[in-house]
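Chain lettering (A, B and C) follows the sequence in which the chains are written, and residue indices restart at 1 in each chain.
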Amino acid sequence: MSRASWTLHALAEQLGIEMRGPADLVLDHLAPLGSAQAGALSFLANPRYRHQLEETQASAVILHPSLAGGCSAAMLLSDNPYLTYARASHLFNRAPIPASGVHQSAVVDETAQFDDSVSIGANAVIEAGCVLASGVVIGPGTVVGANCVIGENTRLYANVTLYHNVRIGARCIVHSGVVIGSDGFGFANEKGRWVKIAQLGGVVIGDDVDIGACTTIDRGAIGDTRIGNGVILDNLNMIAHNVVVGDHTAMAACSGISGSSKVGSHCIIAGGVGIAGHLEVADRVQLSMCTVVSSSLPESGSYSSGTAISETREWRKNAARFRQLDSMARRLTALERMLDNRHPSRHDEGDTGAGE
Amino acid sequence: MSRASWTLHALAEQLGIEMRGPADLVLDHLAPLGSAQAGALSFLANPRYRHQLEETQASAVILHPSLAGGCSAAMLLSDNPYLTYARASHLFNRAPIPASGVHQSAVVDETAQFDDSVSIGANAVIEAGCVLASGVVIGPGTVVGANCVIGENTRLYANVTLYHNVRIGARCIVHSGVVIGSDGFGFANEKGRWVKIAQLGGVVIGDDVDIGACTTIDRGAIGDTRIGNGVILDNLNMIAHNVVVGDHTAMAACSGISGSSKVGSHCIIAGGVGIAGHLEVADRVQLSMCTVVSSSLPESGSYSSGTAISETREWRKNAARFRQLDSMARRLTALERMLDNRHPSRHDEGDTGAGE
Amino acid sequence: MSRASWTLHALAEQLGIEMRGPADLVLDHLAPLGSAQAGALSFLANPRYRHQLEETQASAVILHPSLAGGCSAAMLLSDNPYLTYARASHLFNRAPIPASGVHQSAVVDETAQFDDSVSIGANAVIEAGCVLASGVVIGPGTVVGANCVIGENTRLYANVTLYHNVRIGARCIVHSGVVIGSDGFGFANEKGRWVKIAQLGGVVIGDDVDIGACTTIDRGAIGDTRIGNGVILDNLNMIAHNVVVGDHTAMAACSGISGSSKVGSHCIIAGGVGIAGHLEVADRVQLSMCTVVSSSLPESGSYSSGTAISETREWRKNAARFRQLDSMARRLTALERMLDNRHPSRHDEGDTGAGE
């Protein structure tokens, strides 16, 4: 049986959950409930889609026991179907697995340390003093700078770049185009000219971190830039020098954290967010898409900035008025005072005001 | 005659348009109307610049027949001068053309299929099972993952990364730093910890697609991420997993489309735009620079968000008032009601109100 | 004495400033005032932290002479301590220095010109006609396209991509993932289809330019894209075709300048800023984080756009009201006129209005 074909029984055992249906039913791929065909395992995570249960062609469905009644397919019962789907997804992964060993075209410094379980791809470069733990995978064209330390089973995909002295924990995934350890953006100004500050710190990344394509993480100016355990970063994120990102924080694409800011743990940062420098963001803060954080957020909670979207013709008028907002507020207050003077008890008179 | 030197006659023939002037006039480069020198072909696309016709030193000008009267240079007459310029630009392109064949330093799996017309650059890597159609160009340092399929005459520049199972159509251009097929940002949450969902889908890109430097396109979670025919993506764009981009849509730099969103065809998305996940954007939608799309846009049209720019000192006051906007609206309504109660017929009395 | 260990006396000489303390005191690293240990050189740039002087464990501190009284450690006296720190930082830099010469795995065209002082790293590619001045360092995996010209002591880190005909000045630093010379985003539209315009210009970068990881700089459509001397660009910046950036301008991460815009010298552009195309931004303009510049800024000064951040619950109400802003302004004016008609002299009566 290929790695991506399972009986219902084997799946239930592997996932440690209860099954309903023929034990020898063969499932060989995952598919969405609405478009699944025979042989597919599907899942129902959002009860809003329960109506799809009746018509699905999936051979089996992962779902909550309370919804089992409406399902004619075989079932895998889970208290958290989305989590079970996450676990099951890896069982159907047909992505090629890199062979262990060093590709003959790779350039590996003789002082680098690693064992036979490590895979180093074509045209990869491993510089002096690196230590790669067992099971590490280095993709083709990836460059690992001097004295980097990479933990067990961490995978760097193709064309990743690590500068010197970067430490990455175990079980991390680093996607292509990622750059870790580039210089932080530190300069002094001398009579209008920028004088570069050598960036002497490193980057320390915890265990179980996932870093999306073309994300950049700069090295610290003096101390290290630090990414906690279990952090997940999407593509095209920017982590500036000396930033600290707390454990299990998630950051969607195209977001950036400026220098020396400290973001708490279990935060959820949507796409396009910008966080200014030298701020502190508390644990469990949620930031909406494209929010601009210009001051510290000492309390957990959900924060947003920006305006609602409108048709451009309408938007132009409103955006122009934004420039008058302070003046409008003052004019409004002036009107209230004028009327108040005439009606000293207005505030007691309820929302409709009162006639004379 | 070198590829980048043409007589007026040869150009007119090649472009299929009418000429006015000496047939053997030699043109060897393109230049803007305002700064052109002898030997230059220029163009007038925007009638606003017609005054430049009188003084231009260009040897020939592409322009609309209706403007021919004001031009003392030789002419190529076109109903759409900008389009004719676009066509002519390729005739003056002196960019080096990569030699066909496989560079000796490239690492090409023996199962990859391609013919002699294909060019594979220095230190490129082509993994198992890839199929490259005729005329494909793979730049130096580019990595093509297992089982990718690339259509006729598509060019991947240097240091591009394709993961496994990416399909790209014919005549596409993929610029350096692009990553296609990296994992979508899919995780379930288990008691505060992120559990990765294997991204089992692929990426399917149509014909005639242009992808700018450092743009990332993630593979689908289950189904594929899909980019239609004739789509043009600028640099540093982010296309998340399972996004669908319709034919002939354009997307300027630094914009992102979040997971599972579906953008229509013939849309024009300016730079810095963010589109949230699981939305539908209709055909022929235009989005202004840095617009945030947080709900579906079922109608074509032009949309914007954000505020106008101001001097920071003014902006601070107005931005602070933004936080009072709902309160201001309520206070305004209260004032109106108060005055209305006293003047029941106010709304009939015109803009100036009325005395008592 | 290793390159990163200095006596106080040697440091003072090297930096050309006055010292106070034992001449033979050995300093072997830099550390922040608050966390420094013995052997550390620290600095006090912001007088707000002067209280840390009393308790610091640093062996020596760079500080302004006026603050020398409060410091018990050895001292290096400077009128501009931050600038002195910038200079001193390079003296403690332990980053590995690439060996000069061509790595055997590099692919260097025989027509490329350079001397023995140049370093070309593993798996780098140098195409035909390139000219590399003395002291140039080309990192591993970096691709330099045909006919590029690179000035003295400029360093391209690993996995950089230069297209053909890119000119870079002396003493520049180009970080990993950077792409310079990719096609500008130029297309004509023919009945809904995009027709590519060949990008025939180049890129010209001045001296002392610093370019952050994964920044992209497109080549010009006809003329060149130009980056002035002393410009500093952070990570993930986007410089579109035919942009001109003036000398000594700084641009923080995730910002973009659209096609043909001209930004002055000595500007400071914060992170996430978007500048539309065909604009002119004056010298010495400062732009706040995530500002959207949609029209030219002919005067120097500080500019901003966007709204303040709020809790999402509050923000939703205010953002919805933004759509009514023009209507609110009109209603406010209507109320003022109504009251004005009754009180013609209101504006003379002061803020409180007047009773009847």
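Observations, loosely collected:
Everything below uses one rule, namely that a residue touches a chain if its C-beta (ideal position, glycine included) is under 8 Å from a C-beta of that chain, and two chains touch if they have at least 3 such contacts.
What you are looking at is a predicted structure, and each value in this text was computed from that prediction instead of being measured.
Fitting subunit A to subunit C on C-alpha positions gives a rotation angle of 120 degrees, to the nearest 5.
Both copies, subunit A and subunit B, contribute mostly unmatched positions to the interface they share, with under half of the numbers common to the two. Distance between subunit A and subunit B, defined via averaged C-alpha coordinates, is recorded as 25 Å. Of all residues in subunit C, those touching 2 or more other chains are 105, 123, 141, 159, 177, 214, 236, 254, 290, 306-308, 310, 320, 322, 324-325, 328, 332, 335, 339, listed in ascending order. The touching residues of subunit C, counted against subunit A in their complex, run 29-32, 35, 80, 82-83, 85-87, 89-90, 92-96, 103, 105, 121-123, 139-141, 157-159, 173, 175-177, 208, 210, 212-214, 230, 232, 234-236, 248, 250, 252-254, 266, 271-272, 289-290, 306-313, 315-316, 319-320, 322-326, 328-329, 332, 335-336, 339, 343, 346, 351-356. Interface residues of subunit A, counted against subunit C in their complex, comprise 105, 107, 123, 125, 127-128, 141, 143, 145-147, 159, 161, 163-164, 177, 179, 182-183, 185-190, 192-198, 200, 214, 216, 218, 221-223, 236, 238, 240, 254, 256, 258, 274, 276, 286, 288, 290-295, 297, 301-308, 310, 314, 317-318, 320-322, 324-325, 328, 331-332, 334-335, 337-339, 341-342.
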